[in-house]
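Shared between the two complexes below is chain A, which pairs with chain B and chain C, respectively.
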Partner chain A sequence: MKQPLVLVLAAVVLLPLVVRHAIATEIWIFAIFGLGLNLLLGYTGLLSFGQATFFGSAAYVAGYLLKYYGIGIFTALGVGIGVGALSALVVGYLCVQRAGLYFIMLTFALNQLFYFIAYQWTSVTGGEDGMPGIPRPALLGIDFRQPLAYYVLVSALFLLSLWAMQRIVESPLGKILQAIRENEVRAEALGYNVPRFKLLAFVIGGAFSGFAGVLYAMLFGIVPLEAIGFVFSGNVVFATLIGGSGSLYGPIIGSLVFIWLSESVSVLWARWPLLLGVAFVIVVLFFRGGVVEAWSRIWRFSKRAS
Partner chain B sequence: MNLLFGQILNGIATGMLYALMGLGLALITGILNIPNFAHGALFAVGAYLLVTVVGAIGNFWLGLLVAPLGVALLGIAIEYAGIRRLYAAGHDYQLLFTFGLALILNELIIVIWGPVGISHLPPAVLRGGVDLGFTFYPKYRLFVMAVAGLLVVLTWLFLERTRYGAIMRAGIENKEMVSLLGIDIHRLFTVAFALGAYLAGIAGALTAPIRGLSPGMGVDMLGIAFVVVALGGLGNLLGAIAAGLLIGVAQAVVAAYWTEASTAVIFAVMAAVLLVRPQGLFGIR
Partner chain C sequence: MALLEARELSKSFGALTAVNAVNLRIEPGTLHSIIGPNGAGKTTLFNLLTGQFAPSAGRILFDGRDITGTRAHRIAHLGLARSFQRTNVFPAFTLLDNVWVAAFACSRSWRGLLWRRTESYAGVSAQARQALNDVGLIAKQSELAREISHGEQRQLELAIALAAAPRVLLLDEPAAGLSPEETRRMVALVRALKGRYTIVLIEHKMDIIMSVSDRISVMHFGSLIAEGTPAEIQRNPEVRRAYLGGMAA
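Right, the complex of A and B next:
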């Protein structure tokens, strides 16, 4: 087995011993969300600032069905994947035709469209109060309302997602996406339909986001309005970048650091976004390349010192 | 019918403000080639500065003069201390930087001015309304239309009729060429960012007496500014004005019949236009 995978498995086992089960669960959910973004950001070179659109839409739809129609866990997750992929298809269709800065701005603007729909459609989404009362249905006699049981389920699904993403990026499709990232014109010249492949990456990323969104709704028993807001879209970009978007494991390290920090600091101070903003600025100005690079720089430095 | 005419007038007034936002953002995006997620925060700072200055010295006109200049200075500081170091970095890091700035400015607004919205009255001369024959219309909104219109014309004259404006347009087209011709490209970037920030600041200051102030006003405006740029095109003055007016009027008309949808309609209009014309209203690419 490869070394990074061993570390991830160790983290999955050890994390619930160190932090509260809810935070440990949230970390792996956010990591799934990050895996989906990183297919776009790291592998295809598409900076999407609207991933919360798919996360939130899936959470609302599956949450609604869980609450009022009593569907099972796996049906809800399937619905989440479907809604995430479908909303990504719609958003992606409009965005992939434009490149660069236009692309980024469009993903954000369409995120705002979904946000304002959720904000105003209070009879369904609950608007600013969110959609509370989302159950965690039992499965095969296992009561997932037990925090540890739910943690085990989520971490298993996270490992499954990691495996699936690894298969995707190592497949011919993954190689084509990386070719598009490296040189779009050349990929086009080789006969690949670049917009079509970008859209496909978008849909897959959306499916991962939707999957994570449903797990998130079941974790907290509520779909907060923030789940579809732009701050969430920004957080997942930030988490992926601090982990390092260059590798498959970047978003995993990123969400570990990000969720851990944000859950510890946000309970201490209500103006936590201020610190987050300062952190963004400092990281960008001084620690570009993320945790992985900062770590290797420190390691090299200490090796030279000894 | 009179309601509709009134709403169309309202739409033109807010549309002009949207055009100012989009124009400033298009300049910044076109020349600096960065995603400026702090543009909405600059708008909000303009509004809050106006209210503070007016509160301190009691003169609206001085406030309208000083507040946008303050925002422009802030813009210069941001470009000089931060964005300048990031031109070589990818859009992802530039985005994180401006997004981080937006978070900082937004939270500072809450820390300084409080999380609750503030209402602000127009100056005494501009209170009340004028009878336009078909409707009774607030004086202040007519004033906003006039000032925003004037600013758009001035910006147009600057870009089209002055030497530095020509350099700026050249900067949007081809930065290497401009810098090869011996023009200080870094100063050009600073000037463009300051001008964009100024336009955002004055749009914010003008908005304050219409909608009041709240910490969330910046983010709401950011999305709208993106829509204007996506529809109008980068560095396309006419496009920004047309797109601003289009969504301003669409929003106002929808607000008359279906208030809840009035914000979502902005983004829906954008989606509809992009479906038919992916390159935007006037875009070539």
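Right, the complex of A and C next:
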């Protein structure tokens, strides 16, 4: 239990020495986004292809308030959590009524709906050009425009998110969500209002997404239209599956692999998504538990060999 | 007064009437069995009583209260727990976690739902262990449900129903698919539960039914055709014709 946490802490310290600060920051932001998705995907067994809805909505609303009303960092993050949770409440309410493929398609369709609102509403969102000019307000005399200062803030908030998610998955709620994943009919018969619990998972996941969305907007100083697009929703699913949806740490590893590949290798080779595709095929065919499972298998194998 | 009562309860699936105007009264503290050939509508009746299906007509009363149309998760909170004919557990969970979620569902308070550690609910954990102990699985509490034998899964199925500390226990063929040795153990278990709970039992094995039941209702093509003590049922000519067929003649 302690070992993965030590590895995460080590990664937080070492990462800015290895990659550019902006990439390192983006990795932990995407990891927060993945943590929220994995409560749905890994723990509740719900594949949501619409997480960017909450990520993007929060980024737009908080970005707008940061830009025109000069709110502080923590107010912006609070707004992000609120908008993420609220949009997830609306979307989730409509989606949890359906199961299986219909559920997935609904999350996707509603994501498209939000996307086209952002696309059309150019006076606020900037449409295709995105919403630029989002500041990173200073706090307690610390200038977060310094890349390292912002990295420290984001990684601290990431560790806080990880801690919060760990508490949630180890709480009765975590167990109930897993029970729903394992056997929905029995969970209902035991006395759990299954749609209500799925909705709760949605809202919590949406809050994490919104939190990540605001950090993302402040990182790049812009909310690009892609931040609310379905490709972005797909990316977080992709990253989480590569990392391993069966574990709390899976989305973190997935985010490391995905963002590092997309930001570093893409510079060297424009066809980099091919690598990602190959990695994904390998995961689906041989390591359904993602990198986490691959690692534990190698670990066991090496112990047996020695 | 009956603890659980069905009045003119019916359920149709299209042209098929699976349960047809059934009247049933379960007295508190008794073990009431429901027998009948395959397809007689016994499991459908259970699904109606526990809210899995909404009835097409008729009413269900629990403790004098009309619970017709109440959803399954609410009925569980009123104190009706069921086991399933086909094993219906949480395969990737340990045995203890299987009963823990059942015990938590009907525990008095869900305070700390989002942040308290599951181990810190001492009362729930104790109740969960008690249920495993009652069915004789406490030694295997850390094993995964998918890795134990079929017989043990049937015992776990029962433990999950017990863990909710219900007022009425509906058992749907607890001995389904068990070996003679396992069946004997299951019968002893049901007998031990008798008196502690009000039990409604669906079972095919006649020797079990006759030895444990206080009352028996016989279903045939969706209708109740007889009700009485085991001795009365054995003597009933209509039951012999419908259910026991030529064998008992």
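Here is the rule we use: the second predicted complex is superposed on the first by the 270 of 306 C-alpha atoms of A that agree within 3 Å, B and C clash if a C-alpha of one lies under 4 Å from a C-alpha of the other, contacts with A are read in each partner's own complex, and residues count from 1 in each chain.
Note that in this section contacts are C-beta pairs under 8 Å (C-beta built on N, C-alpha and C of every residue); 3 or more make two chains touch, one makes a residue touch a chain.
All figures in this text were calculated on a predicted structure; none of them were measured in a lab.
Undergrad: According to the stated criteria, A:P172 is in contact with first (chain B), second (chain C), both, or neither; which is it?
TA: second
Undergrad: If you stack the two complexes on chain A, which partner ends up touching A:L157: first (chain B), second (chain C), both, or neither?
TA: Neither partner.
Undergrad: Between chain B and chain C, whom does A:A24 touch in the aligned arrangement: first, second, both, or neither?
TA: neither
Undergrad: Who does A:N193 touch here: chain B (first), chain C (second), both, or neither?
TA: Only chain C is touched by A:N193; chain B is not.
Undergrad: Applying the touch criterion given at the start, work out whether A:I228 contacts chain B, chain C, both or neither, answering first, second, both or neither.
TA: Once the two structures are laid over each other on A, A:I228 reaches no partner at all.
Undergrad: Does chain C touch more residues of chain A than chain B does, or is it the other way round?
TA: Of chain B and chain C, more residues of chain A lie in contact with B.
Undergrad: For A:Y102, decide between first (touching chain B), second (touching chain C), both and neither.
TA: first
Undergrad: Examine A:L215 and indicate which partner it touches, taking first as chain B and second as chain C; both and neither are also allowed.
TA: neither
Undergrad: Should A:I71 be classified as contacting the first partner (chain B), the second (chain C), both, or neither?
TA: neither
Undergrad: Using the superposition described at the top, list the residues of chain A that contact chain B and also contact chain C.
TA: Comparing the two interfaces on chain A, one with chain B and one with chain C, no residues are shared.
Undergrad: If you look only at chain C, which of its residues touch chain A in the complex?
TA: So the residues of chain C in touch with chain A come to 50, 52, 71-74, 76-77, 81-82, 84, 88-93, 97, 100-102, 104-106, 110, 112-118, 121, 160, 164.
Undergrad: Under the definition above, what is the set of chain A residues touching chain B in their complex?
TA: 41, 47, 49, 94, 97-98, 100-102, 104-106, 108-110, 112-113, 116-117, 120-121, 230, 234, 237-238, 241, 245, 271, 273-274, 276-281, 283-285, 288
Undergrad: Which residues, counting only chain A, touch chain C once they are in their complex?
TA: Chain A residues touching chain C: 167-168, 170-176, 178-179, 182-183, 185-194.
Undergrad: Inside the complex, what are the residues of chain B that reach chain A?
TA: 29, 33-35, 37, 82, 85-86, 89, 91-97, 99-104, 106-108, 110-111, 219, 222-223, 226-227, 229-230, 234, 260-261, 263-264, 267-268, 270-271, 274-275, 278-279
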